[in-house]
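Each of the next two complexes has chain A plus one other chain: chain B in the first, chain C in the second.
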Partner chain A sequence: MIQFNALFSKEIKEAIRDKRALMAAFTMAFLAPVMIFVMSKMAIKEAVETPPAYVNISGGEYAPALMKHLADDNVFPMSEVEDADKVMWEKRNIEVFIPADFEESLLAGTSINVVLRADYGEKAHQSIIRRVRDSVYSYSRQIGYQRIMMRGIDVKLLRPINLAEQDTQKPSSNATFISLMLSIYLLFGAFFSGLSVAIDTSAGERERNVLEILLCQPVSTMKVVLAKLFAATTIALIGVVLTLILSTIAVGFVDLSQLGLTFNLDMKTAISLLILLIPICFFASALQLFFAFNAKTFKEAQSLVSIIIMLPGMIPFALSMMNDRPQWLDWAPISGQYLIMEDLFKGDPVGFGVLLVTGAFTVLMTVILVKVMAERLKSEKVVLALS
Partner chain B sequence: MIEVNNLHKKFKDVTALEGLSFSAKDGEITGILGPNGAGKTTCLRTLYGLLKADQGSATIDGINVSEQPLIARGNLGIFPDKFGLYERLTAYEQIDYFASIHGLTGAKKKQAIEEVLQELEMEDLAHRKTVGFSQGQRMKVTLAQALVHKPKNFVLDEPTRGLDVMSTRILRNYLSKYKAKGHCILFSSHVMQEVAALCDRVIVVANGKLAAQGTPQELCDLAGEAQLEDAFVKIIGSDEGVAA
Partner chain C sequence: MKKMWKSLFGICVAVGFISQSYAEPAPTKQQMMIEDCHVEGIRSQVRCGKLTVPENYNKPTDATLDVNFVVLPAHDNSKNNTPMMFLAGGPGQAAAQMASGILRMFSEVRKTRDIILVDQRGTGQSNGLQCNNFEDYDLYEDITDDMSSQDILDCLADFNVDLSHYNTTNAIRDFDALRDALSIEKIALYGGSYGTRAALVYMNMFPQHIESVVLDSVGPVEIQIGLFGQTGARSYQLLLENCQLDEACHQAFPNLDEEFQALIERVEAEPIRATVMHPTLGSPTEFVISRTKLISTLRLQLYFMQGRQFVPYVIHQAYLGNYLPLAGLVAQSGGDESGQIHAGLLFNILCSEDYPLVKQNQWQADADNNFGRNEAQKNWHLACGVWPTYEVEREYFKPVTADIPTLIMSGKLDPVTPPSYGDITDKTLPNSRHIVVKNASHIVVSSPCAIDLVNEFLTNKDPQAIDDTCLVEIEDERFITHVNGSN
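Moving on, here comes the complex of A and B:
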């Protein structure tokens, strides 16, 4: 224990004294709340406000009433666009064609073909297209209802079925997009924060010629690996806790009620999150140490480990693509934690058992990695790579 | 007391050690001389328990290194070939770190550190971070960390490389003092004058084998040369004749 304490406190001292690396390690913690704040603001703006949209309307003069209806919905012809935005709207080039026989067809009661033409693939176009479409449909429906009423028919006949939609989302459910972002940031935080310590303490020490003398000391390689693992994990955990605290504070500044949403992180959820993320911090650091020790040079270690930190981004992405996912993904590191976090944020009850099983599986993999590392540090291959 | 018996070590097709045997006694400074690639570093790494010999054994105070590496290393102080420092720690913290690894605690540890700092006259360096230390200062820190637990045996791998005259003298004086206290010192070097001046016994290693051993004077006599350097060249130059 004396040895472990000495090894561990030395690693922590070194980690904390490298101030620049430490600041870099915690960027995720400081960046995540900013990102969440900005993106929430943008999402609210997009959902709540309907800023004026400018559309290339040809044949507007044939349908003044429709034009007025569109204008009521904040959709205007291109002629009214302000000079500052002109280039942008012209580039978007969303076109509506109104046929010359609009008035006639309306009087004759025949179907009128209005054309909406745009690049539907562009994300920026989608909300405008939706608004134009809704506006035209509602105008069309309005006329239809009037015609039927004029003939003395109850409009209700047109709606034989009324679909009442009921959302079973828990009242405590959090805004999905925020919890989604936060889960990914937390996982990233676990992988990113301990990264510099993990590389520095393994590949870095070898490059600085201090690993060999350590391996010559009367201390087991297991203790050496564990001390390094605990040091990197401590920093990773600090990063995760910071991310969690700062993000919760940041979300407080976003007025989610405009969307009819809430986001709160009660003590129980926060503790469950920590129980969930502690094993993943250990796992992340162990994985990074493993690859950094195996790398021949510091540079190689950096490249390998940067691939690892993509995992918490890629795995949730892959999960979201899968509709029927195999059972083992519920326990596998990263994916298991991500799925549980999803439930936690949705307010679904998460059993202690599930937390335990997923955690145990991650811990098991960490233990295997540690054992392999401790054995490898005894091997001649590693010793020969020192010189 | 360090003993090496019939060490054999092969790396794939390269034979590094081929039946090397020697012993370094307590109260003596034993020098290992050998051309580059003779197997000195391999031999020392086997002694530290980092490499396992294919055949033969190395013992430190009678403890077999490959069987009980941790106990054997406890009786060993090492001044490695390429030494680095933990540059974010102060000299004191670094020595403290190694003292703790050797199981020292509390007042005993503090006293041991104070003693070694005093002996090496490095009290004024103690609380500075080691980044930017001169080669001589680095040597002192490495020496202090190797000796803080007062090992019975002390192994140095080319310790004077890159040192100026003053630092070399400090090192030599320190080694002489250490020897006088009855410790066993084994050190490898390329500097003939140093070996001649310091060593009680010299072991010449060539091609992974013992080429000759004896006092510097005995080696000169054996080779029929006045200078140790000439004797050394002659001894390693031919496998037959003198060396046989």
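Moving on, here comes the complex of A and C:
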């Protein structure tokens, strides 16, 4: 134990010696809240506001009531656009054509052909196109109902089936888009924060010939590996906790009530998150050490480990594309933790057992990695990176 | 008071079901049960519950009754904002049954605060007092003019509860018990129509438990509910004026009032019998139009803006002998059970709390009008003549002076609670403001501008500080002038 302590304090000292590098390691913790804040603001703006849309309407004078209906839905003719936005709206060029015989056809009860023309592929156009379409349809339906009723027909006949939809989602769900972002950032934090320590303590020390000296001492390779793992994990964990705290504070500055949403992290969720993320921090550091030790040079180690930190981004993305995912993904490292975090934020009950099984599985993988590393470090070839 | 006539005349009222599932525990006194559930018309889960209260608050150990309620939980679960209790109209509307409609109107409010909907005792699933025998009337073939006091007695015979406890003050005690059971120290109230009367009584009974109040279409304690003749005629008069001001309406119906009066004379002579295609079944049927049916159908349209737009066209066509548009309106009034009035509770409350206070000459003066005549009061006389009465706790029906921030709203075109009623309540309240919405009828919050004002008021609790500029943009009333629509 004394040997381990000495090794561990040596690793920690080295890790925190370079303050600038350490701050860089915590970038994720500072970046995540900023990203969450900015993205939330944008999401709220898009969801809450129905900003006025300006459409090139020709023949508006033939259908004043329709024009009023559109205006009620915040859709206006191009003539009302303010000069500052004029160029943008003219470029979008969403057009509506109202025929001259609009009123004649309306009174005659024949169909009126109104044309909506735009570039449907442009993302910025889609919500406007949908609004114009919905507005015209609702106006059309309203007239249809009136015509039926004034002919002495029960308007309820137009709705033979009333589909009552019932959503079983818990009503108290947190703002999903924020919790999804936070989940991914936390996983990133676990992989990113310990990264520099993991590379430096393995591939770095090898190039500085420190590793060789270390292994010449009368300590087991297992203790050396464990000390390095714990040091990297400690930094990773600090990064994760920092991400969690700063993000929660940042979310407090976003007025989610506009969306009718809320985000709060109670003690229970926070503790569950930590229980969930501690094994992941160990796993991430072990994986990084493993690849760094296996690399021949510092440069190679950097490249290999950089690929590893893409995992927490790729795995959740892959999961979101899968509708029917195999059971083992519930336990596998990263995917298991990600799925549990999703449930935690949604307010769905998360069993202690699931938490335990996923954690145990991750720990098991970490142990195997550590064992292999300790074994391999006994070989001169690995220590000196000889081929 | 909204839509009261359609249920009063027993127009095809099927009891509305709310798809809730209850795991019923054995009820003990003052016990509350609450759980997640789905209610009709709302996709997301809400909370449903029952509170067991004494039937008679003076004898809390005797019979009990389960008060049904629904909570629309705020999206924002921070619980920062005071919950709002919705007090329904009628008397006799069941708030929980109207959940989906209320949510549509109050979606902005619900984002940040819970909305509590209670079935007032005697409505909905809180021992709803429905006159089932009224349902046998056919919308088209039957006329309700020959309803007799025997029908009322038959209805009364169905009830096996002590009706004297089904009054406004006990309903308020239930509401306040629920507030307490939900651990809400102070609550925000929204009352619409008769719900404003309930809110005013609540303010007299438990002022210390109320944070703020919204009174929408006020039934002041100083005015008896039931005198709808003059107010209805006023609303009709405004419709005539607005039609004259509207170019298209004026051109299409230059002699609207003359035609209406001629139509009344026609039905007064004898009920019209027209063979029409049954609006729902499509088979030939006899559409019988008495004066009562004509007036009550048109009067109902005056309550809401979508209904008002049809009135000139329907009158004109009926005058010309085409009764199909009228049949279309009658068809529309049937079958919508969510806002139905529980006639048993309606009569029970009004026959004790309001009817006895109206003097004979007031009834006569009210009937002297050019629109509804005495139609609105005929059923009061019929029902209240035989309905048992109870002792009213009059001390709670005094003009309200409680110092609670209050926003009062009236629709200018309202046929039952005109803006002058709002003024009466506004006068006695120390911290209130009365806002009249130009192009609105009964229940003002159905307009988007008004609901914004309510939301702002509930947040700031200062009626004077409300920014009411959106009222200016409200457009004039418009009407249907052609069977295929208006441009």
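Worth pointing out:
Just so it is clear, the second predicted complex is superposed on the first by the 368 of 387 C-alpha atoms of A that agree within 3 Å, B and C clash if a C-alpha of one lies under 4 Å from a C-alpha of the other, contacts with A are read in each partner's own complex, and residues count from 1 in each chain.
As a working rule, a residue touches a chain if its C-beta (ideal position, glycine included) is under 8 Å from a C-beta of that chain, and two chains touch if they have at least 3 such contacts.
This one's a predicted model, so the numbers in the text were calculated from it and none came from an experiment.
Once the two complexes are overlaid on the shared chain, A:M267 sits clear of chain B and of chain C alike.
Contact with chain C, but none with chain B, is seen for A:P64 once the two complexes are overlaid on the shared chain. Chain A is touched at more residues by one of its partners, and among chain B and chain C that partner is C. When the two complexes are overlaid on their common chain A, residue A:L256 makes contact with chain C while staying clear of chain B.
In the overlay built on the shared chain, the residue A:M321 is in contact with neither chain B nor chain C. Residues of chain A that lie in the contact sets of both chain B and chain C are absent, per the superposition on chain A. Of all residues in chain A, those touching chain C in their complex are 63-66, 68, 102-103, 106-109, 143, 146-157, 164-172, 256-262, 264.
Across the complex, chain B is touched by residues 2-3, 5-7, 10, 13-14, 17-18, 205, 208-210, 212-213, 215-220, 380, 383-384, 387 of chain A. Within the complex formed with chain A, the residues of chain B that make contact are 11, 41, 45, 48-52, 69-71, 73-74, 76, 78, 80-89, 93, 96-98, 100-103, 105, 145.
On the side of chain C, the complex with chain A involves touching residues 19, 36, 38, 40-41, 43-47, 73-78, 110-112, 276-277, 279-280, 310, 313-314, 317, 323-329, 331-332, 335, 475, 480, 482-487.
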